[in-house]
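Pasting the structures in now, so scroll down.
You will see chain A twice below: alongside chain B first, and alongside chain C after that.
Right, the complex of A and B next:
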């Protein structure tokens, strides 16, 4: 009877298209909003992921990566003294002001990494060599920086500009993950970062640490916290801490959650109502099938097949449209759009729920249907 | 109609199941509860022999359709028993009744109830598909059945493209494709013109006259009385008269 079920579904073109539109819209809305939300969360962690260190050590009261509470310079040696630490290095991180060759100002996120090991360096170098950061006045600038500071014509290898009235020179063009604040990343050595930033009593933003072989980052972070009293987190822990802070302290979670919920409810309402109408309008036919010898179980399987078929098609079209949106509107990293497999699985589960509930309403109606209605003229 | 030649049969079953296709005894059925309770069947006795075409006639509200539903096992009687092919229908569970209908009964409805998105041949194949017959096999058997009813040129037409007579023939093909022993027809000519109705009832009569089959036709249509081996008149929930062979009564 699968054949009959599918012919009933596709044959009623108007209801099929209405169902498909509802489920497609629902899927697209959830995937699109979910991807933008997760893109934003990814951006919020870029201060961590761009640096790529196993363990981050910070002030014990730190809430998130952009909320920097400088440490005493001695923190580096204190961390090095913890058993299981293979290396511990200083990291500077802060928002500074860059003055462009044309006189304009631009905010930048300055990152100062250890000059001897260059641990914390960006993953991808597009042009130049990151090792050249050790040369005088050297900085590396990311793709957003190139764009913001005047474009490839004005910013290239050898270009000079100023950070807080200190002249710096571009020795490498790098690729980074955009930040939540959308500031360009500029990398330099830790020492140079200290020299180009205003005087403060403490300037050490973080201590980066790596474990010896046989010690996991989680274990190392636990030991550092227990023995120094400082906050110590693995890259992943720090990332989630940042995400939690943003969800708790901004309206982002509620905003996106509401939209996703709306998509779910709209999908449920349209699918449920249309399926119910579809069933009610075909009651005499379903009654005839029951009279002829189709069991309620068979009719339920037909309804489920119809529901999940249109659900699968709606899911495919919806995900396709959302992806197309991400590829066009989000091309070049202009929009935070990260479509992850857990999100797609989650949406599939949500759609499964929508289809199941919609089917259940119709199946309930069919289960109560008396086949005797077919004899009522 | 005044020439009643038979009274209701006795309240015991004749165990000659080789002769009787359907035996109903003391069937009662009411709708509603308490003060609004309406008795529709008030102890109906009825039997259909193998190879017999039985017409069930009577005014609206006399209980014809309810009796048909009870015989088909799609409506529970309050009391009494119905046996078809020796099986006691009230004793069957709901799923057993469904299987029994699937395997032994054929239905023709007044409103046809064809699936609007299925073609004529697909509609006719539905009972076989319900039984799990492979699609191609079911379609070819349905095609042969429709062909035998002069519908060979209209196999792929949707019901909306068929005339009333053609739709009824598709409904008959659907009822017959599974080779049922008992055919239950509810006002099969109600929506047809005289000539088409006559032709269709002739087909039903020919089917019913086969030795191991039987046909029950609920009708108001006096034009088709000549096709009945017996005509059972119902009145106020009871069998009022039974006529044998309409033609010879004239």
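Right, the complex of A and C next:
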């Protein structure tokens, strides 16, 4: 019976193609838009993920990572006094202006990390040694910075430029996750970050903390918040806080949500309509099957098999096309494109829903089918 | 059927490609290990503080007694000086000129004494001679009387001449004392930590940086700044350790000395020339034995002070409970201004 169902499906080439195209492009649209959305969210968290510290301590009313309210210098020792803290170190973070020898200037995201431990430094160092940050005037610059400040020809190890009229020298090239604001990341030590930034009453942006073994970051963040009153978040909590803020305060969520919904609706419309037509066209065959004794349930199984088969194939092709798009258009981090497992599972569920709904319409038609239709011809 | 196979393989390829891509980008690499171990808390519960190493008995900021031109600096940095050793010589040419005048007036005063002595002796001789004449008609009583007065006057003049000499000597001594004062001397034994003056410079009295910083680098102490919100947690006598910045594998054990009774505005230890006051701190003084590695006066340290596990807050409740739901860093008066 299943063989007959599949034979029916693949037999009508035009309808099959139409069905497949509808489902494929629907899948591709949802996956692609969802991935770009998630890519943007990843970029928005890059201020956190690039530093990769277990616990972030900031003002308790902080909304997101780029919205900094500096703390008093003694916050570091206050955090260190909380039981369960293995270490706590200062972090400077802020947007500053870099000026090049040729007069061009660029906004940069300056990150000042603790000079002795260099905790908060990036994963990947492309060129140079990150330890050299301890030498005078030293900074490390990311691949975006190299591109923005004049390309690898002008920016290489040993190049000097100015941050707020302070001369700095590139000692390392690093790889970072691009940020939402698209400012290049420049790393230096905390002390140097303080000295090259304009005078402010407070400059300590964040306190980074690590738990002793046996204490989870979540537990540590809770303790720090309870004992000091400052806001303490794990890396993940802080990332989600930032994402929530962006969804609430920008149109990004609505924008992408609408596109994804449209993809879903269009997919469902095309698939439902085509499938219905397909069923209607094949009514005599179904009638004949019913006439020779096939129950409605069996016919429903056939329809479902057909719809899920074409759904699965459409899903595979659509996802593959979306990945191909991400690999080509988004290569080198130019485009915020990030596929995730939850997104793929979600799309699969959505596709199953599309298939189920469109087959439900057809099954309803079949249930009311009189076997006599075959003879009415 | 070819068609079916093609679409099937296409779907499979797409799915595999996606899985492979996702698998390749899965997870995060573990965070890079710290270059050096961060300063670690050696006690179960602790009060952390930022500390600075200073000389015991604090450092002496040597200042000149009067503003003046520096003609000679007798010491250089790291010299060891005993009490009374000369440190800086101020310009004393004007006083030396005065001294010469005063000294030169001494022989004149001394000569005047001799003069007066001779006159007195002469007058006394004459008086004696007149008195020895017994014939009343030869010498009138009036002559004798007048000579006697003259001799008495000469006696007083001699006393005055002696007093004049003494005054001239005192004046000379005064100038000498003023000259001596222009040599700035060490008030106590110690090591020269800083020399901020060179010969030829003018030394004002209220300079921002002292002429010379004198300290005792043999025994050092740590001044630990504790945020005022943590001040109630510090129990006098608690053991503590300090770590030099960037040298976290070797702890310096500290012994409690005292708690400064007055809470002071914290001075930023970032080394900037302008000090920023952001909160107030309790200062606790700890002493330590000189460790095997070198430590220097003025070096910053991270200090960890042990505290008893269940400290009692001001209202008799555990500090942890009483301190919840408030932001200590913003409770400072400065914080409210913003």
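Some points to look at:
Throughout what follows, the second predicted complex is superposed on the first by the 376 of 377 C-alpha atoms of A that agree within 3 Å, B and C clash if a C-alpha of one lies under 4 Å from a C-alpha of the other, contacts with A are read in each partner's own complex, and residues count from 1 in each chain.
In this section, a contact is a pair of C-beta atoms (placed from the backbone, for glycine too) under 8 Å apart; a residue touches a chain by one contact, two chains touch by 3 or more.
A quick note: this is a predicted structure, and the numbers were derived from the prediction, not measured.
Using the contact criterion defined above for the overlaid structures, shared-chain residue A:267 touches neither chain B nor chain C, since it reaches no partner. Judged by the touch definition given at the top, the superposed model places A:330 against neither chain B nor chain C. Of the two partner chains placed by the overlay, only chain B lies in contact with A:3; chain C stays clear of it.
In the superposition on chain A, contact is made by A:287 with chain B only, not with chain C.
Of the two partner chains, chain C is the only one that A:199 touches; chain B does not reach it. Taking chain A as the reference, the larger set of touched residues comes from C, when chain B and chain C are compared.
By the touch criterion defined above, A:211 lies against neither chain B nor chain C after alignment on the C-alpha atoms of chain A. Of the two partner chains placed by superposition, A:150 touches none, neither chain B nor chain C.
Once the two complexes are laid over each other on the shared chain, residue contacts for A:313 go to chain C alone; chain B is not touched. When both complexes are overlaid on chain A, the residue A:295 reaches chain B alone and has no touch with chain C. Overlap of the chain B and chain C interfaces on chain A comprises residues 10.
Considering their complex, residues 1, 3-4, 7-8, 10-12, 284-285, 287-295, 298, 370-372, 374-377 of chain A touch chain B.
Every residue of chain B that touches chain A in the complex is listed here, in rising order: 65, 68-69, 72, 74-75, 95, 98-99, 101-103, 105, 107, 109-111, 113-118, 122, 126-127, 129-131, 135, 174, 186-187, 190.
Chain C meets chain A in the complex at residues 1, 3-4, 7-8, 10-15, 17-18, 21-22, 25, 28-29, 31-32, 34-41, 44-50, 225-227, 229-230, 233, 245-248, 266, 268-272, 274, 276, 278-279, 281, 302, 304, 320, 323-330, 332, 334-335, 338. Chain A meets chain C in the complex at residues 6, 10, 13, 16, 20, 49, 52-53, 59-60, 71-81, 83, 85-89, 114-119, 121-123, 130-131, 191, 194-195, 199, 201-202, 210, 212, 226-230, 312-324, 326-327, 338-341, 344.
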